[in-house]
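The following pair of complexes shares a single chain, chain A, combined with chain B in the former and chain C in the latter.
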Partner chain A sequence: MGIEVQGLSKAFGSTTVLKDISFFIPRGETTVLLGASGAGKSTLMRMLNLLETPDTGTMKIAGMNFSFSEKTDEKQLNKQASSLRRKVGMVFQQYNLWPHMTVLQNLIEAPIVQGTPKQDAIIRAKELLDRVGLTDKTNAWPSSLSGGQQQRVAIARALMLSPDVLLFDEPTAALDPAITNQVVEVIKELSQSGITQVVVTHEVEFARKIASRVIYLENGEIVEDGTADHFKNPQTEAFKAYLEH
Partner chain B sequence: MAVLFFNATLMTLGLALSSLILGLILASVFALLELGRFRTLRYLTTTLVMVLRGLPEILVVFFIYFGSSHAIFMLTDEYVEVSPFTAGTIALGLIYGAYASQTLRGALMAVHKGQLESAKALGINARRSFIKIVLPQALRHALPGLGNQWLVLLKDTALVALIGTTELLHQAQMLSSKTFEPFTWYSVAAVIYLIITIISQRLLNNMKAKASQHERVVTA
Partner chain C sequence: MNFEAIMDYLPQLLRGLETTLELTFASLFSGLALALLFTLILVLRFKPLEWLVKTQILLFTGTPLLVQIFLIYYGPTQFKGLQESFLWPLLSEPWFCALLALALNSAAYSTQLFKGAVDAVPVGDWEAALALGMSKRQALTRIILPHAIRRALPAYGNEMILVMKGTSLVSTITLMDLMGYADRLNARTYDTLTVFALAGLIYLIMTGIMTLIIRLMEKKALAFSQ
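Entry: the complex of A and B
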């Protein structure tokens, strides 16, 4: 049960941002979506948890099937979207922690809404904070944490619902290079656990460190798609040029 | 004399607080309608807010007090007297609501949209995210503005003296003309207004400090 996407397209007004995208990501892989800004990689990833709705195409993810067309029923889709989002976690570039809640409150909010008893949620939160190395920050306010620490809290928060898939939208773009390694460590550690990860980035070095697969996009189309070997042996001139720039 | 001023102070505070409560409710309704997705309601609200902000406060007070009795008379042929207190509360509540709705609207828009997006990505529904995530942050942005408008409201209660409520200003006026000691009585009223203002500011500062506790970085 991986992620399978067939013929996804999306246009905003008259601008086509994604053209007939198809790919398959096996379970447990860490796939990097690479490309220059404007290539459509963020939009593509946001479709995987339906923060964007594709115009056409089909998608199989986390055991759920979706097919999109002009006739897609919005209400029905919204319902499915919330159950999908419990299985597909997401980590944002700007962390988007809730500043008026402590680290612990940030973590337990979503599970509590879904009916997990508070005590159980707290136990799980403490385990995850231990896993990302932030045990001593349990009761801290997000604003008292460094960028790298905030991003690790955001990752722990996304893991609270035990998702099958974890999406990262430019997770290191707001971090300085030394801190990026903290995020690299966490992503590598997670890939051992069998979770499927999809990471959007434009930083080649970061991509090399974490990827087991890579998808390279240009102008809304997939140019190259394969295992991490493609970093050493790019198959297209375009990807080769991007790696060298 | 002390009893008279005590009662007048209670009247001023009663007017101000009931207008504040009504005003905050109206402000929330106006702000949500203006940000909402129903176009007709959006335009109607914007127009109402524009009218309320465009008229002199005293005109609104007169309009509600004299106008409402007249309107009820025209509609039902019955003469219903609206008490000055009720009319004053409605008028001041409408005025406060109109101004405060703009403060609230700005505060709601100032909450970064990523805040809602991360809640959405965690499967938290729109209502819960609004109450738990957007509102607390918006209130913090809105507090200074709302506090400011509260001080304006407090002094606007003096306008209700003109429709015959015995609040602070009216009391001072009556005693002055009776005793021919205007300096004394207007000074007493002034001091009481200032005391209420100072206490309000204290309370507001405490609320602001509480609302931004998470902004104080604690270094271990």
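Entry: the complex of A and C
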């Protein structure tokens, strides 16, 4: 069980963002989606938890199967999307912590909505905050945290639901380079735990440090797809050029 | 204006305070409950209800409160059907009609405030909630509304004060609130300046107290952004 997509396409109006995307990501891999801005990598990742709905194609992820066409029933899909998203966590570029809730409240809210007893959620939240090194920030407001700390809270919040897959949208874009290494550490530690990770980035150095697989996109199409060896031996001129720029 | 007259008038005016305060808080409470419901309807776009709410807002923000009070109090007597219905004991009661007008008026303005605040919540708040498996309704009631209401609190504080001052219109439908007693006292003494200056002062003090309470609430509710 990994992530398998076949023939995914998406257009916004007359602009095609993704064309006939197919790939397979084995379980437990950390895959980097690389590409210039506008290549479609963020849209592709947002499809993996259905924040975007593909126009066509099929998708197998976290044990669920989806098939998209013009006839896709949106209500039905929304219901499935909620259960999918409990297994496919996401960490946003701007972290998107809820500013009016403390760090602890940010972590326990989703599990409580889904029926976890509050006491159990608090215990798990404290474990995760300990794991990301933020025990002393349990009752802090997000606005009082640095960018790197906010991101670790966002990661802990996504882990509260014990997802099978974790998606990262440009996790280093809003951080200064010194903090980037902390993110590398967290992602590496998570990959040890067997969780499948998909990371969107346009930073080659960061990608090299974390990736076990790489998918390179240009203009909404997959140009290169393979193991981390491709960083050393790019198979296409386009990917080679992107690595060297 | 002399001191003896003031001491004579003050207790008479204060007899209206109870009605003023009761009406203020009852209207604010019902108005708030309605406004939250209306906001949910607008944000989740429940089709037929959405149009009803929009019409309600148009009517109650587009006409003067005094007109609304008159229409709700005097209007139903024109309809024989209403006079015979179970609603009549309520609709013939000026206190209830005043409450209804003030609550609906406040609900219309508060809904606009809350809807605006919900629209101003960053889209990232929504996405984070959805990405954690919440439905749109759960995201709205558990995350977005609590955030929006905190942001709307300073503006809602003004609305609370407007409702309190708005209750002064209910003396026109025979209710003896603070303004009702001031009217009666003025008719008896013709000491217009003293009577209404005193009434104004009492309103001013109430506004001051409410402002202080609202500030305290703001400080607590907006602690996250300081």
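Definition applied: the second predicted complex is superposed on the first by the 245 of 245 C-alpha atoms of A that agree within 3 Å, B and C clash if a C-alpha of one lies under 4 Å from a C-alpha of the other, contacts with A are read in each partner's own complex, and residues count from 1 in each chain.
Note that contacts are C-beta pairs under 8 Å (C-beta built on N, C-alpha and C of every residue); 3 or more make two chains touch, one makes a residue touch a chain.
What you are looking at is a predicted structure, and each value in this text was computed from that prediction instead of being measured.
After superposition on chain A, the partners chain B and chain C collide with one another.
Of the two partner chains placed around the shared chain by superposition, chain B and chain C are both touched by A:P99. Of the two partner chains placed by superposition, chain B and chain C are both touched by A:M90. Of the two partner chains, neither chain B nor chain C is touched by A:S69. Looking at the shared chain after the overlay, A:T227 reaches neither chain B nor chain C. Within the superposed three-chain model, A:S143 lies in touch with chain B and with chain C [touch as defined at top].
Contacts of A:S82 after superposition on the shared chain: both chain B and chain C are touched. Overlap of the chain B and chain C contact sets on chain A: residues 49, 51, 82-83, 85-86, 89-90, 92, 94, 96-101, 109-110, 113-114, 141-143, 157-158, 161. Contact residues of chain B toward chain A in the complex are 112, 114-115, 117-125, 128, 132-133, 136-137, 140, 213-215, 217-220.
Residues of chain C that touch chain A in their complex: 122, 124-125, 127-136, 138, 142-143, 146-147, 150, 223-225. Those residues of chain A lying in contact with chain C across their complex are 49, 51, 78, 81-83, 85-86, 89-90, 92, 94, 96-101, 109-110, 113-114, 141-143, 157-158, 160-161. By the touch criterion stated above, chain A contacts chain B in their complex at residues 49, 51, 82-83, 85-86, 89-90, 92, 94, 96-101, 109-110, 113-114, 136, 140-144, 154, 157-158, 161.
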